[in-house]
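Letters A, B, C and D mark the chains in the order given here, with residues in each chain numbered from 1 onward.
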């Protein structure tokens, strides 16, 4: 079969940020296949230099609006590491809670508004308002609840206000805890319906084995906020050695930096976490996994969405128990932290270097700062999940295209778009953007 | 009467302001009841070739390609709205303007920096005419809705000309200056209901400077509290660096 | 929290229906209004009403018709912003909200028996028209009537048909000027102050009523004083930001005077020492 | 002092009293906000209440003239459908200082002046005021004795004064009596305690000295001479026009009127919100002319609103001496200092005339 197909998806939709898919099939053979990232670079790492390290979370969370809570937490971790600040137990609990909210919010957005339209054969949620009003209503309601959770805890979901270096600039009152718990219980019911809905939908079947990378640790809980970096190939290194993992290299066809560890490429994200830490999921999440027919090690990238659903169940349950835990302990309001800038010298300054490694919705996120003895940033580096996935996505496409070559151009395009979307790429995040277009 | 055709476009930004719109929850349904959202790349695949009644522009203009693109959108739009700090005042992207562009590029991309041609960050009104401004990083949803209603009714929207302190006092917060901290509230345009201070943080000035700030007075205040002036300049730069382009 | 309806709220509105809209110039339109409940707007020349467009806003506007007209009342509105532009989009038959009248108006009882010198700049003719119409309706109660009217260009001349009529009347001295003429303009050119030296008045017997843009007052007053008019016979009507119209919201204060309650008409004597007045 | 009007309650039982009050009424009282800031808030237990507090961030005017208040509800459409409304709540304000009571009296003056502000009057009817007398200054910012607001006179339903063992309570209205009866915790006053109160009031005359070097009766004259004083020019460079001073002032009542419609564009409301003469858009008219453009003119206006204009109109000084404006001003504009400078400047002028 000799066929020429040119696919050029300019501005991939329903993903965060600007990316293109370019595929050329010549005489039935794959000639070119790349995922181009065309987001305008914003130079965060460059302009962080010279700013107080206490401003880093405020600035870097503006890398991406969808995972701004994740960036905040990674940034705080890196900065506290550099300054030698140890968070209190209460702070750690509340941060875990925030991270859960973040995963939930982002996953729900992705599952319902970005992926569900593909599975239901429409271009966006708008047509679903007619055909599946109750699904849309549920999605929007869940989204609202997630937002409200963040509003109560940190002021807002996009660019959280009260999560700062050293802890929180505002602590929830007992009524706040009650309210959050109530909202989580509400979400729980909707989540059950969500599992049911997605158990009935068909995802594309495609498998390709790869190395899945994410945080692992020796504790009982599903690691999200801290740990070492591990992989399904059995490796484990400290977060300080992240450069060994992300190992940037250049691919000839696009002369762009990519990442690999032990194989050609690796993947991060919900599926990676699921594969790495399945055992530590909440029992209810495991039940959901069974209902959704997914088990580790799952190597169908399309099922990243399903792993997100499983994780969402986990987050709801775990968030509930965190709140119950805080409830029992009572909140110590003396721990309220003066925001920003260390103006009151609340924390001693020192020259230092710190790394933050956090599992954000799309996978492993690393922030790395150096500062001088006045706490002024002298060097910064951020490694974004999407950067780590780009090469893996491309290799998936290379593997997938020959298998679906006989389909129509539209079908191929849709399959590829869905593949990219399954990874839930977050392209504005790519401050460290590495994909280039060279003529 | 057919519903107005509304589109959302993003430039260099975090897409958080679009997300604030998508985050309206069930209100999104009320929204699509009164407007026809024809493009919203973050959550929709639909595309529209015709004219836009209202275009929301998110993000700053940071390269030549973007300049061309926003000009095209302007031509096709009856009303153009700058959405969020990146679009209205340049926002955090403006901090880049303090650096030599080549050096900044080299720092992030190494020798590959040449493949990322960049220009000084500009707010949207510094490139094309803007009809409505919705400030904030991210936008404050109630204000977004207010402006949207003004647009739909063909009314002007006046961004408050007074500082954040006004709203802050009405929310009965303990003033950050009482806590010994520096707050940008006194020189920042209101409209966010003093969001950050309500949540225990200081105001960072994300909505841009008030029209008529008393800079000398503000400097005196800082002196009184023992805060160095360059510290303040850095603070202003965080969101308001692009203002220099307005003045020059 | 309990919510109650308070019919006696001073913010309550009366429904007024637009009978007719007449375009005056590019920027001004004249609205003929009547209350739906058939009541009559009882006002003095120089008083104003608060006009409401729901969901848009409420603004103060002078009533410009004769207070003796029991069939309808009129307002003349210049489109400058939110409410005024929206008002311009309305047609006959539409309903708007009105409360008022507010303010003191021109002191008719004092003026009667005297000569009247009316000096209007631009839209300032609106409240003065009400006074003029009143004086014409009660012509024999007044002495000499002089009307001086000035505006920027001939295109901005308001009530042009009425002006024609006034200028033809023998019992009124009428003069008109524009700042900038166009080829068709045959009349005076120059600022309104240039007309004042020419009017033949007996200062002691004359009340002057002056309304116009803020810049106009100082110069006009100077001329009037040169003519020898006593300070308490110069009447001025001011525009200030107003929200309530009832002396509460504080927006219209000129030192200790509320423009809405103590004004908008003041004698020059009342405000001549007030830094914030002119 | 009619002994029948007085009641006693042991100091140790005040918490018990408050809890009882809470069980019957919606009670608002001063609570601590940290960093020496306090606020009136609805309370759930007596433990939240601070009896010893410096004036709250916002004065109790927020309950009489809410920060944001719907005045009209309307439906959009061809026909004009409007309904003037107001919201009110039965509230007991506990622990109001005499300065704040003076503030409410000022609001009364203005808002019951014709045309009456119906909404205000309705709300006022539903609020009961329990005052607490200050036996000492809150802090250096206060100037209550200068304006005569340091001794309780009228404007409350009950007034608590702390004596050695008791609070002596002046019952000033039947609303106050109702509380005394319903809580069942008060006993009648005796001659001793009445004596103690008299001594305390006499002592207060010594404790509360005159904070400003002139007398109240000279104020109108002072201001008549000070319109062009140099103090105002100094404020030009100091004031940030943030409006904090007016927001916290118990006698500032200026407002803006705005509207909001629902997203459906079918219904809406017209509301009023606090506004301030210190802010840019306040005195601007549509042509863009601003009648008080300079910050100095705005500050001057604020002072004249407090100390001159309303004396002519309402026969009252519209300053209660609470000190809030000075406490809150980050630029450090201090009411007592401004008044003192005015006095010095005008004295200097008078001297020059004499010499």
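FYI, a residue touches a chain if its C-beta (ideal position, glycine included) is under 8 Å from a C-beta of that chain, and two chains touch if they have at least 3 such contacts.
Being a predicted model, the structure only gives us computed values, none of them experimental.
K.L.:
Would you identify the chain whose Cα-based centre sits farthest away from the centre of chain B?
P.N.:
C
K.L.:
So, comparing each chain's Cα centre against the centre of all protein Cα atoms, which one is closest?
P.N.:
Of all chains shown, the one whose C-alpha centroid lies nearest the global centroid is B.
K.L.:
More C-beta contacts across B-C or across B-D?
P.N.:
Between the two chain pairs, B-D has more contacting C-beta pairs.
K.L.:
Would you kindly tell me how far, in whole Å, the mean C-alpha position of chain C lies from that of chain B?
P.N.:
Using C-alpha averages as centres, the distance is 43 Å.
K.L.:
In whole angstrom, what separates the CA-based centres of chain B and chain D?
P.N.:
38
K.L.:
When the C-alpha atoms of chain C and chain D are each averaged to a single point, how far apart are the two points in Å?
P.N.:
Their C-alpha centroids are separated by 39 Å.
K.L.:
What is the distance, in whole Å, between the centres of chain A and chain B, each centre taken as the mean of its C-alpha atoms?
P.N.:
Computed from C-alpha means, the inter-chain centre distance equals 25 Å.
K.L.:
Considering chain C alone, which of its residues make contact with at least two other chains?
P.N.:
55-56, 81 - these are the residues of chain C that touch more than one other chain.
K.L.:
What parts of chain D, by residue number, touch at least two of the other chains?
P.N.:
261, 265
K.L.:
Could you list the positions in chain A whose residues touch two or more of the other chains?
P.N.:
none
K.L.:
What are all the touching pairs of chains?
P.N.:
Contacting pairs: A-B, B-C, B-D, C-D.
K.L.:
Spell out the residues on chain C that touch chain B in their complex, using ranges where they run on.
P.N.:
Contact set of chain C toward chain B: 55-56, 81-82, 86.
K.L.:
In their complex, what parts of chain B are in touch with chain A?
P.N.:
10-20, 22-26, 28-29, 32, 37, 40-46, 59, 62-63, 65-66, 91-93, 95-96, 98-99, 103-105, 107-109, 112, 115-116, 118, 137-138, 179-182, 195-196, 198-202, 204, 227, 234, 238
K.L.:
In the complex of these two chains, what residues of chain B are touching chain C?
P.N.:
Interface residues on chain B, with respect to chain C: 153-156.
K.L.:
Okay, in this complex, where on chain D does chain C touch?
P.N.:
The contact residues of chain D facing chain C are 71-72, 74-76, 78-80, 82-89, 110-111, 113, 115-119, 122, 227, 253-259, 261, 265, 268, 270, 272, 275, 277, 282-287, 289, 291-292, 297, 301, 304-305, 308-309, 312-313.
K.L.:
Once bound in the complex, which stretches of chain C touch chain D?
P.N.:
Listed in rising order, the residues are 1-13, 15, 52, 54-58, 80-81, 84, 94-97, 213-214, 239-241, 243-244, 246-251, 253-256, 275-276.
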